[in-house]
Structure formats: C-alpha cells, structure tokens
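Two complexes are shown next, each including chain A; its partner changes from chain B in the first to chain C in the second.
Now for the complex of A and B:
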C-alpha cells in the first residue's frame, strides 16, 4: 500500500470502487442477463472474462501457497479465500453453461450470419462449428446419405420456411430500469407507452427490451 | 455440460445473488484485511463496525467472530409501517423501493451512489480521476457504470427504514435463520414478515389480471427478487400464452395500423391506454 492508495481511500471524490469489485458487478450482471434472456447475448468485449480468469488462477496459486503454513490465523483467511473462490467459479461456470445451453439449442442460427457469429467468443465459435459438423456427419452417415443430394442440407429455406430454428425474441422478460426513460412495448390488443422511472421493474417482450438493455438504460433480472 | 435449468433465475440462484448484499457487522475479534477476488476486505478492529458481503458476515457469525447489525428496515416498527403502506395507503401496488442512496463527493454536492464514472485507462491504476471529475461529457475513456441490487448498500446500518429493498425476503429469512439472536424481537419480526409476504403474494397474483389484456408493458415497481422468482414461470407463461393466442389478431391489427399510417397522420390515440 503506497501513499496513493491511502489518499484514494480517504478522498470521496474518486469514488473508489476498486477494479476487482467492478468486475464482479459486471460479471454478475452478465450472468443474470444471460440466464434470463431468451437469446444469446454479446460476449463481453472489454476482456472481462480474461481478467476474471487470470485473477482466479492467481488466487488458486495463492491458496496453494497458503496451505503450506498451518498458522491458525492465516487458516481462517484461507477458508474465506476458498469460499469466495468457489463463489466466483460458480458464477463463471454457470454463465458459460447458460451460453452453451443456448448455443446447443440454436447452433445453426448463431453460426448463420457474421452478425450472430460476433456474439460468440472464439472458443464458443470453435465449439459450435465442430459440434455442428459432428452432428451433421452423424446424420449423413446414419440416414441423410440415403436422401437425394438436394435434401441433405440442414439449412434449406425452400418455400419461404427456413429450416433453421431461431429463438423466440418476443418472449416476455423482466427488466429493471437504471435510468428514467420512455418504455414502449407491443401488446396483443394495443401497444403501451410508459414513462419509466429509475428502479421500475417492468414485464415486456424481449424484442422491445433489447434496445434499452443494450444502451445500458435497463438490465434484465 | 449445458445448463439444464429453465430460463430465468431459480430461487437457489436468487439466494446466491442475495448473499452479495453488503451488511454491517460488529466484529468480536481482530482480523486482518483478506485479499479477495472482489477486492480486499476491510481490516476488522472490534468494536468498529464494518460492511461485508452477507456470505462472509454469516461465516463470521457462525464462528462467533462477529455479530450482525440488522438493517433498519428489518426492525418491528419499520415492518409495521411497511405493512400499513401495503394494506392501507396503496392496496394495489407494492410499497415503493428504497430511494437511491446518495453520497458526498467531498465538495458539498450529494451524488447518487449508484452512478460511478470510471476511467478505463490502460495504465490500470486509475490515475486520471481528478481531471475527469468535472468533465463527464462524451469522453471515450469514461465509462458509466450504474449499480443495482445486490451492489447497493440497501441492507447496511445506513439503509433507510420503511422501505423494502429488492432482496428483502431472502435477506430477512437468512438473518432469522442464522443470526436470530442479533435481531431484536425476532419472533415478532418473523410474524410481521409472514403478514407482509401474504399481502404481497396476493398483489402478485392480482397483477396477472392486467396481463390478460396484453397491453405491452406492465410495471411491478417495488417487487422483490424472490417474489419474482416464485411467480416467474406463471407470469411469463401467461404473457407468452396470451401473445401466442392473439398472434393473428395482433398481426392483422398491425397491418391495419400500417395502412392507416400510410394514409397520413399518426393515429395512435387508441393505443395509449395501458
């Protein structure tokens, strides 16, 4: 701890939320959003996951070092550190698994356009591509090869009906407004417009909520 | 490998989330600062109070290393006031959520706690904080992060009484289960919470009446996380069911509106009602 740290701690103007805490907040929000939204969201672009993973690795190393000395005082700190480590790992794992579940469900949809592909991380793209290739090869060897060649594709769009299954973006979601903003929602009998206040919790369709969430004016809960 | 859970947080996940809420404790033992993944914990010096995440506070409580200070809204007087609001003042809507917490910026201006502007300089050790304090306009390096529960201090000793925070039910249940001796008049609190839960559950069920019409947006200001998790499946099922049943009506209505819109003039008067 140097003099800068001490100054920052007592200076209320710098609003000292450390970077680690901010990352936890961002990770939590990303997890909740991914768990509750009907379609795959964009992979965080600012390196959030790389940072969190690096820290988890460092923390594991620290735990390994600390298990060496059996001083009862550091022992308790070790328990706390390990508990928190498990909580972090749970968050990361649950987030990734929620994404994999969505990718598995609509693999071809997320691979179909560059715009959709951009939502996946590199590893997820590799996973989805290989998973899809394996599946298609399996289908080909087991029954598709008996079909006429024109019917062997999995992404036909003959007759204006695409074979690719897409997530239902009109599914209803709960959002919380983070800023006062106008909320417009489409409904069956009529469309609604509402003057939303900070902290409002609103049910509406995901397709109507998405612009609010993307611009940071609301979060999915 | 893929997560088998349905979309939307299940109650166990909500409970996990609520354990990130900050809560005030009175330490009984000295404890040095611990370097955690989410930042260092404050060094504990009895009897100086400190704010810690709930999971850590519970761990300390279990080992009798600390006592928990119940949040002001969990005291019987505050709960009675909230029940009064729920039943008499506004029997339709939920009681309002706590007002946004404020903090001083050291220059005599109160700023909302929830909004933090952070400078994402590549040097990492946020050095340029001072230059940015007054220039909050479109600086690409300044990123605005708006906090929301569970990262707002809505369960610490400074939280306002008379308002239920977002994670009220989970926090209250956890505290009553693991730290009942720290809560004054715990049996009464338990009874009041039960009343509150029932009043609000009735409101939650009642809110589905508004869902039938399919008005597009429905505001549930003040609802709690666990209440949402409980009725998420039902509420969202109703909304989606109504939408699917009325899909053809909606499509023809939209076509009509589009045609009218082409004739000229925005005739949107009739779809203003919620």
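Now for the complex of A and C:
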C-alpha cells in the first residue's frame, strides 16, 4: 500500500478520522498538487500550516524530553517519533520550496494583481515583494539607471509583448477524478469531451484541469 | 552593427548556464551595450527634432523605418542585459540557498546552528567565484542572504535549506573527508543523525556512505 492508496481510501470530507491524520492527508495532498501543477496554487487558508508547525514543535520538545531516558523501550519509540518527524519536516520543506521556486520564476506575474497575490501566504508576499525590489535595484545600479527614463521599467508591454513572463498554463498534468464528472479538453486539432468516472486518471492541459481541481472534483497527481 | 554586443552578452549568459562556477562579470561589455542604447536614444531624438513633435510615419517612410529599427534595437539590448544579469543572479541565489558563503561575510556563517563546523567555511571561494562578481552583485548577494535568512526564520523547525531528498534512514554512516574541527552530535561519531550533519555533507566535510 503506498501513499496514493491511502489518499484514495479516505474521502477528504470525512469526519471520522482524527484531526491530526486529516491534517497529514491535507498536507500530503497539498504537497503532491503543488509539485505537479505548473501554476502556483492557493495557500491553504484554514490554518493547516500553523497547526502542522505547532505539532512539529511539540514533537521536537517531546524528543528532547525522551532523550534523557535510557530505557530501551523509550529508545525505540524515540526512533519512530524522530523518523516520523523527519518525514513531516520533509513534506513541509519540499512544499514550501516548490512554491518559492514558482514564485521566484514569475515574481512580477504573481504580484501583478490582487487575485494573484491572494494565492501567496503573507510571508511569501513579503518575500516576493522584497526579492523583486532587490532585483530591480540590482538592475538599476548595474545598467538600467543609465538608460533613457522611458526604458527603465520592468513591466513594459510595447509591441504587444509583455515583459512579465507568465507560467505556461497549457502544460500537461495528470489528474484523478474524485467525482463522476464531465471532462472537457481542448486539443491542437480538435476538442474532446468525455464522461469521467470517479477514480479515472486523465492527462490533459492544466488550463482545462484547473476548474475541475478548484471545484474539488479532481486532484492533481 | 546594432545588436552585436547584445548578442555577445547572451552568449555569455548561455555559457554561464552550463558552468559550475560563475565566470567574471563582463563590465566592459555591459557598459558598451548600455552606451549603444544611449546613442540610439540620442539618434532618435535628433531624427525627430526637425519635426517638432508632428511626425507622421506615412510622410517620410525612410525616417520611420530608421526610428523603428532604433527602437527595436534599444529594447533588444535591454532584454539582453536583463537576461545576462538574471542568469547570474539566478546562479548566485542557488549558491545562497545551498548555504555557500558567496561573499565573505566576515565570519557570519550561513549554517545550521545545531552543528558547530568550527570556523567559517568558504566553499565558493575555492573556484574563485568571489572575485568574479561585480560590486553590485556582491551587494545583491548580501541582501538576498538577509532576505532568505528572514524567510527561513519563519520556519525555524523545518530547516528550509535542508535536503530535498525524501528521508529514508534516521541515522547514516559518514566518512570524514576534511578536518572540520570538533563536532558534537547527540549520538556517536560516525553513525550520526542525518539531520544533524546535512550541512556538513553539503559543504564537503563529510561523505554519506550508503
């Protein structure tokens, strides 16, 4: 049984599982989705990361308390807890790094509209704003300040080519349907519509997959 | 010929992408491309002057064509300069993320507090990339390191710059490659907790044995 099986077995809305387990599932889902989608996804608004962070803190304290104990039984438990802790930390780290990589690549795009900014967490917004300011300053002091004033901007769209690079929303992604739903996909030569069943795995353009993922009818894998 | 210099910059940038180290900053080239932009801008102003702001492209197609070429050349040069600088800052940022002391920050080591590496490390110095930076780039690296440190500070327990490989074993065997001074970890000397020594492996003091 691997992580996918575990994810498929549990419905995200199910309330019978303990909150801790649900948070781990949510974290794993967020991590998988963020790593496989070409665009930055919305930062989870329900305080998931605050909870995860608190629990990591608790476990670190617990490990410190238990370390003094020489009892072999505690020792074994300690190893299990620490291993699990490392995994947790890895998930969070990998998730955050995947997001930072996307933000760094298209900083101006994600800062350009309130709608885009809303996808970033507060810390990420601060990071992105500051990073962009640093870059602009660097360009200015390296060469841009010697340019004619009209050419000093970084967001020109003269000649119908915007200077702001955007993510390629036509990249192919794999999704798994969580509910039966109609899947529409645009192609180069023709468009297609199919009747998707729960559990189906489909490859299609991110721009077509996004509405399904946003409405919770599918997840990126 | 317009754009020749810009092309050289782009070639430099392309070359930089495939190099392990950062080649010297092309101060002269950057200055020359910038000068070309200024000269072109002057030409445009001079060409437009006799028309007193009432220039109609259809009346004088030769001038209109020159103006267009000048405009495009300026914008192209700008893009070349941006691409060149961005390729370099990208590389510098990567080094900062890896915890290298790109600019010698006088003992201010970018590292994990739990491991005492005994003296500041300066890996990037080994391939001489420090002397290859422009003063502006040195500033940029310093500021970016601060920014990253601030962002990392929000996630102290996770160690954002840690390994991106999924963890397998809690403890690993290591071989010591370089003297690193005294190292204290909670468990033993050569069978250590991976999280404790990750930084030392990245810096080349230790080698992980599988």
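Quick note on the criterion: the second predicted complex is superposed on the first by the 206 of 221 C-alpha atoms of A that agree within 3 Å, B and C clash if a C-alpha of one lies under 4 Å from a C-alpha of the other, contacts with A are read in each partner's own complex, and residues count from 1 in each chain.
Rule of thumb we're sticking to: a residue touches a chain if its C-beta (ideal position, glycine included) is under 8 Å from a C-beta of that chain, and two chains touch if they have at least 3 such contacts.
The model shown is predicted, which means the values in this text are computed figures rather than measured ones.
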Review point. Now for A:176: first (chain B), second (chain C), both, or neither, which partner does it touch?
Key: first
Exercise for review: Considering only the touch criterion stated at the top, classify A:202 as touching first (chain B), second (chain C), both, or neither.
Suggested key: first
Review point. Is A:211 touching the first partner chain B, the second partner chain C, both, or neither of them?
Key: neither
Check your understanding: In this superposed model, does chain C or chain B come into contact with more residues of chain A?
Key -> B
Check your understanding: Does chain B (first) or chain C (second) touch A:20, or do both, or does neither?
Key -> first
Review point. If you stack the two complexes on chain A, which partner ends up touching A:36: first (chain B), second (chain C), both, or neither?
Key: first
Check your understanding: After lining up the shared chain so the two structures overlap, which partner does A:47 touch, if you call chain B first and chain C second: first, second, both or neither?
Key -> neither
Review point. Between chain B (first) and chain C (second), which, if any, makes contact with A:104: first, second, both or neither?
Key: both
Check your understanding: Should A:94 be classified as contacting the first partner (chain B), the second (chain C), both, or neither?
Key -> both
Check your understanding: Is there a shared patch on chain A that both chain B and chain C touch, and which residues make it up?
Key -> 56, 79, 83, 87, 90, 94, 97, 100, 104
Point to revise | Interfacial residue positions of chain B with respect to chain A in the complex | key: 1-5, 7-9, 13, 16-17, 19-20, 31-32, 34-41, 55-56, 59, 63, 65, 97, 100, 103-107, 111, 114, 116-118, 120, 124-126, 129-130, 133, 144-148, 150-151, 211, 213-223, 225, 228, 232, 235-236, 239-240, 242-243, 245-247, 249-250, 253, 268, 270-274
**Study point:** chain C residues within the chain A interface of the complex
**Key:** 30, 33-34, 37-38, 41, 72, 74-75, 78, 81-82, 85-86, 89, 93, 134, 136-137, 139-140, 143-144, 147, 150-151, 154-155, 157-160, 162-164, 166-167, 170, 186, 193-195
Exercise for review: Over in the complex, which chain A residues touch chain C? Could you list them?
Suggested key: 53, 56-57, 60, 67, 79, 82-83, 86-87, 89-90, 92-94, 96-97, 100, 104, 123, 126-127, 130-131, 134-135, 137-139, 141-144, 146-148, 151, 154, 156, 158-159
**Study point:** chain B-touching residues of chain A, taken from the complex the two chains share
**Key:** 4, 8, 11-15, 17-26, 28-29, 32, 35-38, 46, 52, 55-56, 59, 62, 73, 76-77, 79-81, 83-85, 87-88, 90, 94, 97-98, 100-101, 104, 170-174, 176, 178-179, 183-194, 196-205, 208, 216, 219, 221
